[in-house]
Amino acid sequence: MAGSGIGTVFRATTWGESHGAGLGAVVDGCPAGIPMDEEYIQTFLDRRKPGGRAFSTPRKEDDRVRILSGVFEGKTTGTPISLMIENTSQRSQDYGNLATTYRPGHADFGFDAKYGFRDYRGGGRSSGRETAGRVAAGAIAAKFLEMQGIHISSWVSAIGPVKCDPERFDTDEIMNNAFCMPDAAAAAEAEIYLRKLMEEKDSTGSEVTCVVTGMPAGVGEPVFDKLDARLGQAIFSIGAVKAVEIGDGTGVVKARGSENNDPFRIQNGRVVKSSNHSGGILGGISDGGDILIRASFKPTPSIFREQQTVNKDGEEVELSIKGRHDPVIGPRAAVVVETMTALTIADLLLLQRTNRWE
Amino acid sequence: MAGSGIGTVFRATTWGESHGAGLGAVVDGCPAGIPMDEEYIQTFLDRRKPGGRAFSTPRKEDDRVRILSGVFEGKTTGTPISLMIENTSQRSQDYGNLATTYRPGHADFGFDAKYGFRDYRGGGRSSGRETAGRVAAGAIAAKFLEMQGIHISSWVSAIGPVKCDPERFDTDEIMNNAFCMPDAAAAAEAEIYLRKLMEEKDSTGSEVTCVVTGMPAGVGEPVFDKLDARLGQAIFSIGAVKAVEIGDGTGVVKARGSENNDPFRIQNGRVVKSSNHSGGILGGISDGGDILIRASFKPTPSIFREQQTVNKDGEEVELSIKGRHDPVIGPRAAVVVETMTALTIADLLLLQRTNRWE
Amino acid sequence: MAGSGIGTVFRATTWGESHGAGLGAVVDGCPAGIPMDEEYIQTFLDRRKPGGRAFSTPRKEDDRVRILSGVFEGKTTGTPISLMIENTSQRSQDYGNLATTYRPGHADFGFDAKYGFRDYRGGGRSSGRETAGRVAAGAIAAKFLEMQGIHISSWVSAIGPVKCDPERFDTDEIMNNAFCMPDAAAAAEAEIYLRKLMEEKDSTGSEVTCVVTGMPAGVGEPVFDKLDARLGQAIFSIGAVKAVEIGDGTGVVKARGSENNDPFRIQNGRVVKSSNHSGGILGGISDGGDILIRASFKPTPSIFREQQTVNKDGEEVELSIKGRHDPVIGPRAAVVVETMTALTIADLLLLQRTNRWE
Amino acid sequence: MAGSGIGTVFRATTWGESHGAGLGAVVDGCPAGIPMDEEYIQTFLDRRKPGGRAFSTPRKEDDRVRILSGVFEGKTTGTPISLMIENTSQRSQDYGNLATTYRPGHADFGFDAKYGFRDYRGGGRSSGRETAGRVAAGAIAAKFLEMQGIHISSWVSAIGPVKCDPERFDTDEIMNNAFCMPDAAAAAEAEIYLRKLMEEKDSTGSEVTCVVTGMPAGVGEPVFDKLDARLGQAIFSIGAVKAVEIGDGTGVVKARGSENNDPFRIQNGRVVKSSNHSGGILGGISDGGDILIRASFKPTPSIFREQQTVNKDGEEVELSIKGRHDPVIGPRAAVVVETMTALTIADLLLLQRTNRWE
């Protein structure tokens, strides 16, 4: 099994390697009648490469998405939507010892242990470029959710020791700086920190926050397909994520029940909660509050320092990685967290339609 | 959909409510030929109620498991293993206003929003008792893994502000105290803290740690069925979990690549890592190191203080929960984390057999 | 994988062997709010043993079904419904050489080739008794469909050379004779034929017909989950079925398009068809006509003549089967075809709710 | 749900419409290390248009397949294989009343009932062209099976009243005539019959036979994923199939057990059967004999006679279909039956690796 598909009724299957002919996804089970075009999807893909030239890979790929099926006269037809992004900047390249050497922090060794060999060009299937297919597929899910009044947004909430200050939260700022941070001061500080790291040939971890608003109560299945369980799979399936938190996350360990329980009350005739420690999910089912998700990304494993490692022949070797690599993953990954969240919620929202007999 | 099944080829489906006739699970796809009996499974179930009488629900249920099918002459046959645990202590009981009132921190409101009504007796399907079926099913997975040389253990690493000290880690101590803590001093401290909380009619959060040893490299599928993605779903599917961490977890946000990358080296002719920040998983595939998992459990939501909430009729009401409830979830949940981990790894280990043509 | 579950959102998982503790099923994803009790399900199970004493196994099993979960105050709750039928007539029995000898026409050899050994008591998991769990699960699906105005019926349309005459079709007769035949004259003829066969220690094949009325158009997914594809899997999953036909079935080979195409016309403002060669399915999607299914059952493989076969040690041996076996499968299998059809349609009907964005 | 994927571990997802940008498939879970190139897959696609110019659609599509991912240095990598066939002969065309009129025998009405509208160009997703993706995907499965010593072949065994004579069976003849018939005399007769039908603006049904040799015993799961159940789904998922038969098929209804049971015996130390009425499958598990499958295809529904039908506005109308349509489906569908069989067996063969603990 290769596990390249996710979702039960709204299902995305991705394909493609970093340096093959292209990457893409097939979205199967998108409901019929949703307005859709390539431009809409492109806006999500474009967010995978935020403007910060100094800090993200300058590989000149346009990453133009094509819709190959499933859309007719501007609307989804209910049949599979095939999405393709050609790899335009492939060049015959010398991968040198990367074909046989296991980069620390990368999946190289695991792939060889798994399959006996691997497509070593640019990380192959384990490259961050694999997320292009997810983002294109998730954009379609996000559109469906918007038509249901559900909106998802995401941003970088921390880069190394630099944390955004909730007091300075400014939505417009997210698209305004190179780091997708909603806090201009933190972004400025992060820039200084990253310049220093790059001088030191090093990289840093980061944290992405994602919020879902307009969420109805009752979504998520009670046992193994809990809303948070499905989000857990979806977010951990993004390379480099080492922690996923819902609501107060790890903070609940020290909390007391009297603090952590969100009191219910009535507002304008509707059941609401006075606080949202739960992050919008109780017992795996949405409680009507905003869904709050945090993902911790490890530092970019490709660093330019010389590293100790081994090769396929079982020899210990020194490795020097060349090329261009972002020193931090979060800024380009925020839209990936957002679209994986969209895919997850779209699926569970549709499944909820099957739970009552009427 | 009700989502009561998990796993692709090693699949567990659970059923049952807190106060119905019983609870159970069907394990479909367990390989043939594994020694199995009720006593073995019972040892896992017994761990759901650690000795600490003062701190866990004294409801007198023997929770005796019966194997109804799939085992013949002491070995699994490859056909579905049906497991049943009868609810013996049911009594006609007055649920009072719990039938119509939404307990804060519980799934009551979500269930009503989802299905229009709910089995309100003891939380019904959202009760912690639902995990009995998981534990019984996961015990079978654990046995299969042991025959492959893979061992899983789990313990409580923190209760509220009390953390176990790695310096004092003692495996034998885990089964020795009421809190499943591998550190006797921390357990003593936790006991004092919990007595105080109970006096204050309050509860606390906790952290469970789970470690998998003997894990071969190459397990886990590269994209959506990454080993950590599957673990993410499995652990978040346990009620009250609000964060899941792999390896360094949230600690990676502040880390540098040069620290976080685990150098590969050769030891006795095998590829090993000098450190294990990755928690045994790189790019979603096991790297041969121990798998390290942490789960953050929120405080028990059933507290004895009066709480503000609403009822089904849209009225704001005061709620007083009676009965007996553990003031902390971790000690009884450690074995649940362990068995959910076993189910996840058993499935991916079997799937790995399908990835090469030979 | 053991493949004991079927269905995407309305999913049944069966368990149990002929001579184990019992048999059962877990129905996961049945919508909430459907009236349900054990008596209703029992009426389906009772049809597995039609009155004809002379012609069906007299094993005295009451086959009483118990609902263990998922029903509260007489209605389904949306959570898994666990169904159990205890095996009451187990006795320590001498299986003689059946433990090591491969019965012709049975799965014994396949099971040993598959798993290395098998539960040989009464055929274990490959026994016809396995269908008890399906029938109980399918009864629940049938109830859900009835609430949607969809009704399913089934009968035996042929036993060996004896065919029911459509001119003499009488619904009431189906429950009236030992063979579930809607034609009293054919039933009388079948009885004579079967008596002769039994004297000759032989058995015969049979055909079951199943009809679904009240079916809305638009159900069934266009490619691999076509309504007929799903029915094909469901009906072929019943042991002893060697052919499945929809509408005109094998008759289409000799037909012309001008005959086989059903003209559409308008009746009372609705689109209907003037004929129903399609059996209610076009392009895998229901066309609003009645669904017509036929299943060909092979002769009972357990016959009392001495047969040539081999044993586990690779020796050629003579086999004499003893005990009691029906000389024809169809009469007890009709309700199995009906309930497998119900499970299939319930699942696809619910899935159809996910196909439009509104 | 759109149900465009099939298989558990060897999974194919198809996409594309008759007149969109192209068609294709993603094969996920193909084991690593299988030699693969576009030429090999092309040989299967080429068989979808047998030479018989007079009898098959002359639409000039090259149907050239491209491998976009999952193959590296001539071998499958274990990651998803994306296959694409561009639609090269699209032209802006006048579909006239086909956009609003429901063709008898087609899925037009079902699609509108399902989704509210449809891509009416050339049948959209319900076009026979959809099978191009299946054939490309199935070619990969066939290659994997060949490496396991399993070979699949298929042919047309009947066209209307013309049946191939088993006495004249000649494998080489299959590729030699326009009808994929292994009997030159029958092919000549079929040609005469078809010419007559075309003069009469009519079409005919046909039968395809498929045989799998080299099949090991033990493949297929005992209950819902029986080998024949999975084949039933796979073959019925091909448009226009109205019956699927395994082994003796509908012939079993009249058979006696003493005839139908295949005696086991020992040959060269191996368990074999003296006959093969079972078609290689007993109790859903392969018995080591050749798998025998027959599929009945209905007559091509697109005929040139004027037909009675209705339109979307609920009016009764006369319909005249123009363009070019094969008068018989079988000759182009034989390779589709073969590749769907390959996909099914590849999946179950891999799953069988997960059934024993060793």
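A few points about this structure:
Order as written gives the chain letters A, B, C and D; numbering starts at 1 within each chain.
Basically, contacts are C-beta pairs under 8 Å (C-beta built on N, C-alpha and C of every residue); 3 or more make two chains touch, one makes a residue touch a chain.
Given the structure is predicted, the values throughout are model-derived calculations rather than measurements.
Contact with chain A and chain D alike is made by B, C.
The greater number of contacting C-beta pairs, out of the two interfaces A-B and B-D, is seen for A-B. Inter-chain centre distance (chain B to chain C, centres taken as mean C-alpha positions): 38 Å. Centres computed as Cα averages put chain A at a distance of 26 Å from chain B. Averaged Cα coordinates give chain B a centre that lies 46 Å from the centre of chain D. Residue positions 1-5, 8-9, 14, 29, 32-33, 78-79, 114-116, 125, 222, 351, 354-356 of chain B are each in touch with at least two other chains. Only residues 1-6, 8, 14, 102, 104-107, 109-111, 113-116, 125-126, 130, 158, 160-161, 197, 202-207, 216-226, 228-237, 239, 241-266, 269, 271, 274, 277-279, 282-288, 296-303, 305, 307-310, 314-316, 327, 351-352, 354-356 of chain C touch chain D when the two sit together in their complex. Of all residues in chain B, those touching chain C in their complex are 1-5, 8-9, 11, 13-17, 20-24, 26, 28-30, 32-33, 66-70, 72, 75, 77-82, 84, 114-119, 121, 124-125. Of all residues in chain D, those touching chain B in their complex are 8-10, 29, 31-34, 76, 78-79, 144, 147, 222, 350-351, 353-358.
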